[in-house]
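Could you have a look at this structure, given as C-alpha cells, before my questions?
Naming follows writing order (A, B and C), and every chain is counted from residue 1.
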Amino acid sequence: MANTANVLAETRSLTRRFGGLIAVSGLSIDIRKGEILGLIGPNGAGKSTTFNLISGFCKPSSGSLFFDGEDMTGKSPVTISRGGLVRTFQHGSLMRSMTVRDNILIGAIGALKGSRRNERLTRVNETAAILGLTPYLDEVAANLPHGIQRLVSIAIAFAPRPRLLCLDEPLTGLNQTEVGTTLEVFSRIRRDFDCTILLVEHNMKAVMKICDRIVVLHHGQMLATGTPQEVRENESVVSAYLGKRHGA
Amino acid sequence: MQTALQLIVTALQIGSIYILFSLGLTLIFGVMKIVNFAHGQFFTLSALLVAALVPWFAAHGYGVTLAYLFAAGIGVVTSVLLGMLIYQFGFRFFQRDLAGSFILSTGLVLLLEGAFLHYFGGAVRTVPPLVSGNVNIFGVNLTSQRLLLGLVAIMATGAMYWVLSATRFGKAMRAVSIDHEAAMLQGIPYKRLAFQGFAVATFLGAVAGALLAPISVITPVLGSDYLVKGFIAVIIGGLGSVPGAIIGSLFIAMIESIGGFYFDPSVANLAIFVLVMVVLLVKPNGLLGSR
Amino acid sequence: MIRNKHVAMTLTVIALAAVSLFVRDAYSSNLVTWMAIAALTATSLRFVSLIGELNFATAAFYGLGAYGAGTAVTLLNLPFAVALLAGGVVALLVSAVFGYITLKTKGPYFLLIGFAFTEVMRILYTRSDWLGGNSGMVGIFPPSFFGAYFSTFAVLLCGAFIVLLYTIERSDLGKVFMAIRDNDNVVLSVGIDVHLMKVACFCIGSFVAGIAGALHGFANNVISPGDFGFLLSTFALAYMKVGGEDSPYGPITGAVLLVGLGSLAMRMGAGEHVFYGAAIVLAVLLMPKGIVGLAGVAASLGKARKSGKAGNAPQLRTKEGRSHG
C-alpha cells in the first residue's frame, strides 16, 4: 500500500461511459512520486481514455481524480497542465509546420509565460540538449524522420518541466537504437528533474526494462498491478494478454 | 387558436422552402465536407428561367399548366447542368478543403449573380401559379400553390430519408459522411458518390426555385436571401445532418412566422441570430451535428 | 534575420507612401486611399487566419469601426484622432464578446456565424434611426489640414498597422497562434489557454478591421448599412487569396491589384461583381498560393533547391484530415 505522502496522483473509481459503452470502469490507481509507471493492455482496454481522463481532455462519468492532494476531477486540460501534468498524444503530438525550436518553444511558453525571451530560449536549448535534438533545432518538423518527430513531441511535453509526464506510446515506430536512447532519456529525466513518468506502451521489452511498476488494463478495468516481475508472473495477465506476444 | 394555426401554417410554408434549400446544403457538406456558398444560384437560375419562359410558352399558345411544366423542366435541367459543370471544373478538386471550396463558391456567387443580372435584367418578375385558387384547412386559408410547395417539400424530405436509410447509395453516403477514409477502404466509390450527392443537392435547389417562382417575386439576387436562412438552418441543425436541417429550417420558419406577425421581418432575423448563438454556445456543432 | 524582415516591410510602406505623394489627381488619390484600406482589411483577415479560422465577420467589425468613428465625429463632435481610435475600440469591445462566445466553434460553424452576424449588424444599422437608418450617416470629414494628402496619411496609417500585425505574427505570441492552427490539442496540453489565445488573435484582427472601417468613413464621407454586408468580407477574401495568404505581402498585393483593376473594369462599364467573382475563381483554380506564391516559386526555381523546404504551412482549420492527437 502506498504511503500517501508518496502519492503524486491518484484516481478513485474513475469511470467513463460513452452511451452504452463503458470505456473505463472503477479505475483506482495511484502514481507515486519519482516512479516510472507503465500502463499496458490490449487494444480497446481503455488506455487512451484513462489518459484523457487523467489529463482533463475527457470528463469522468463518475469517480474522482487527485493530483498532489488537490481534487482535479472535471477540471479543464489547461488547469491540470498548469498544475504540473503534461501529456503527449498517440499520433502527431507536435506542430508539423513549425521548426523543432518553435515546437519546443510552445512548451516553454506554457510554463514561462511571464518570463523574458532569453529565459524561454535557454529552456528550449536545454530541453533540446536533453533529448538530443540540438542538431535539428532549425529543421521544420514535417521534414524529419519519424523517430526524431517522436523525440520532438516528448521535448514539447517536457519543456514546461512537468511533475508528471504522461507519454502515450512514445516508442511506436522507433528502431532498437532509438528505443534505447529514448529509455535513457526517461531515466535521466526522472533522475535529474524530479519528474514522474506515466507510460502507455505496447513495446513489452521496453516496458519491462524501464518501469518500476506496471498497471494492466483489460476491458476498462484494472486487471493487475505490481512490479514487472509480479505482472509477468501473474496468471490472469498472462492468459489475457502477455501469453500472446512477448513485445518488441 | 385560429391565429396559432395560421402562424403554424405560415411557418410550414416558409419552412418548406428552407428545408429544400438546407437539405441540399447539408447533403453537400456531409458528402464532400465543403460549404457551397453558391448553392443559392441554382435555385435562382431555375426560378429565373421559369419566370422568363412561362410567359414565352404561354404566348405560343400553351396552357398555363403546360407552359409551367415545360419551363420548370428546362429550369431544373439547366440548373443541374450548371451544377455539374461547376462540380466538374471546380468543387471536385476541393473536397474536404473547406476554405478553398468556400472561397471558390463566393467567387461563383459574384460571377453568377452578375451574369444573371446581365442576362435577365434586374427587373422583378412574377409568374402565374401552377395551381390556382385557395384551399381551406382547419379554417386556415392557403393558396393551392403554397400547399403544393409544402407537399413537395414533405415528399422530398421523405424521399431523402428513405434514400439515406434504405438504398445502397444512401448508406454509402452516410458512411462517407461519418468517416471518409474508412469508407474508401471499404471500396465505396467516393468520387462517384460525391458527384451524385452534389447532383441531388443541386436538383433539390432547382426544384425549390421552380416551385417558388409563382409564389414569390423573382429577382437575380433571390438566391442570396434564402442562402442566409438556409445556412443558419443548417448550423442550428448541425452540418451534415438531414434531420438537423429539417429541425433548423422549421425553427427558423416558426420564428419568422411569429416575429413577422407580431413585429416585423428584421426583428425576426435578429431573433434567429440570437437563437444561433445560443445553440452554438451549448452545442458548438449544432443540435444534431457530430462532435 | 527578423530585424531585416521588419526593416524591409517598414521601408516598403514608406516607399509606397512616398509614391502616393506624387499621385496628384483626385480620382487616383482616392483610389490609393481605397487600396490602403483594402490592404489593411485583407491583412486583418489574414491575421485571424493565423489561428486557422476564416473570419467572415470582418465586414461586421469594419462596419462597427465606420459607425463608431462616424458617431464620434458627427454626433459627439470628437476630434479626428479620437474618432479614428474610437472606431477601433468599438470594434474591439464587440469582438471580445462575440469572439468569446463563437470561438468555441470552429471551421464552417465559425465561418457561417460570422456571416450571419454581419447580416444582423447590417439590419441593426438599418433599424437605428439615430445612426441614419437606411440612408446612413453623412458628414464624416477628415480635418482639412490633410488637404489632398489624405491618401498619404491613409497609406502610412494602414502601413503602420500592417507592420504591427506582422510584428505580432513573428513574435512568440504569433507562434502560439500558428501552433493552435497546427495542433491545438498539443498547445492545450502544455497549459496554454487556447480559447483565450484565439479570442486575443480575433480581437486584434477585429480592432484593425475597425480602424480600416473608420478610415473608410473618412475617405467616403458617407456610410450606409449596405456598405458593410458580407460582400465586403468576400472582397477581403479575394484580396487575400489572389495576393497569396502565406505571405504578409499577399493581402497588400491582392488589394492593390484588385482595387486597381476593379476600378478599371468599372470605368469600362463591366460589372464590378463579375470581375471580382472571376478573379476569385481563377485565382483559386489556377494560383492557389496567390501571386506572391507564384513569385516565390519562380524565385526558388532560379536558385538551387534546399531539400524539401517547401511551404508546409497548414491550411486554415477547415481541411478535413486525420484528427490530431
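Note that in this section a contact is a pair of C-beta atoms (placed from the backbone, for glycine too) under 8 Å apart; a residue touches a chain by one contact, two chains touch by 3 or more.
These figures come from a predicted structure and were not determined experimentally.
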item	value
A-C or B-C - the one linked by more C-beta pairs in contact	B-C
Relative to chain B, chain with the most remote C-alpha centre	A
Rounded Å distance, chain A centre to chain B centre (Cα mean)	49
Inter-chain centre distance, chain B versus chain C - centres from mean C-alpha coordinates, in Å	31
Euclidean distance of C-alpha centroids - chain A vs chain C, Å	42
Chain C, residues touching no fewer than two other chains	322
For the chain C and chain A complex, residues of the former touching the latter	172, 175-176, 178-179, 182-183, 185-194, 307-309, 312-314, 322, 324-325
Chain A residues within the chain C interface of the complex	55, 57, 77-78, 81-82, 86-98, 102-103, 105-107, 109-111, 117, 120, 140, 142-143, 153, 156-157, 159-160
In the complex with chain C, residue positions of chain B that touch it	29, 33, 35, 89-90, 93, 96-100, 102-104, 106-115, 117-118, 180-181, 228, 231-232, 234-235, 239, 266, 269-270, 273, 276-277, 280-281, 284-286, 289
Chain B partner contacts - residues on chain C that touch it in the complex	54, 101-102, 104-109, 111-113, 115-117, 119-120, 123-124, 126-127, 234, 237-238, 241, 271, 273-274, 276-281, 283-285, 288, 315-316, 318-322
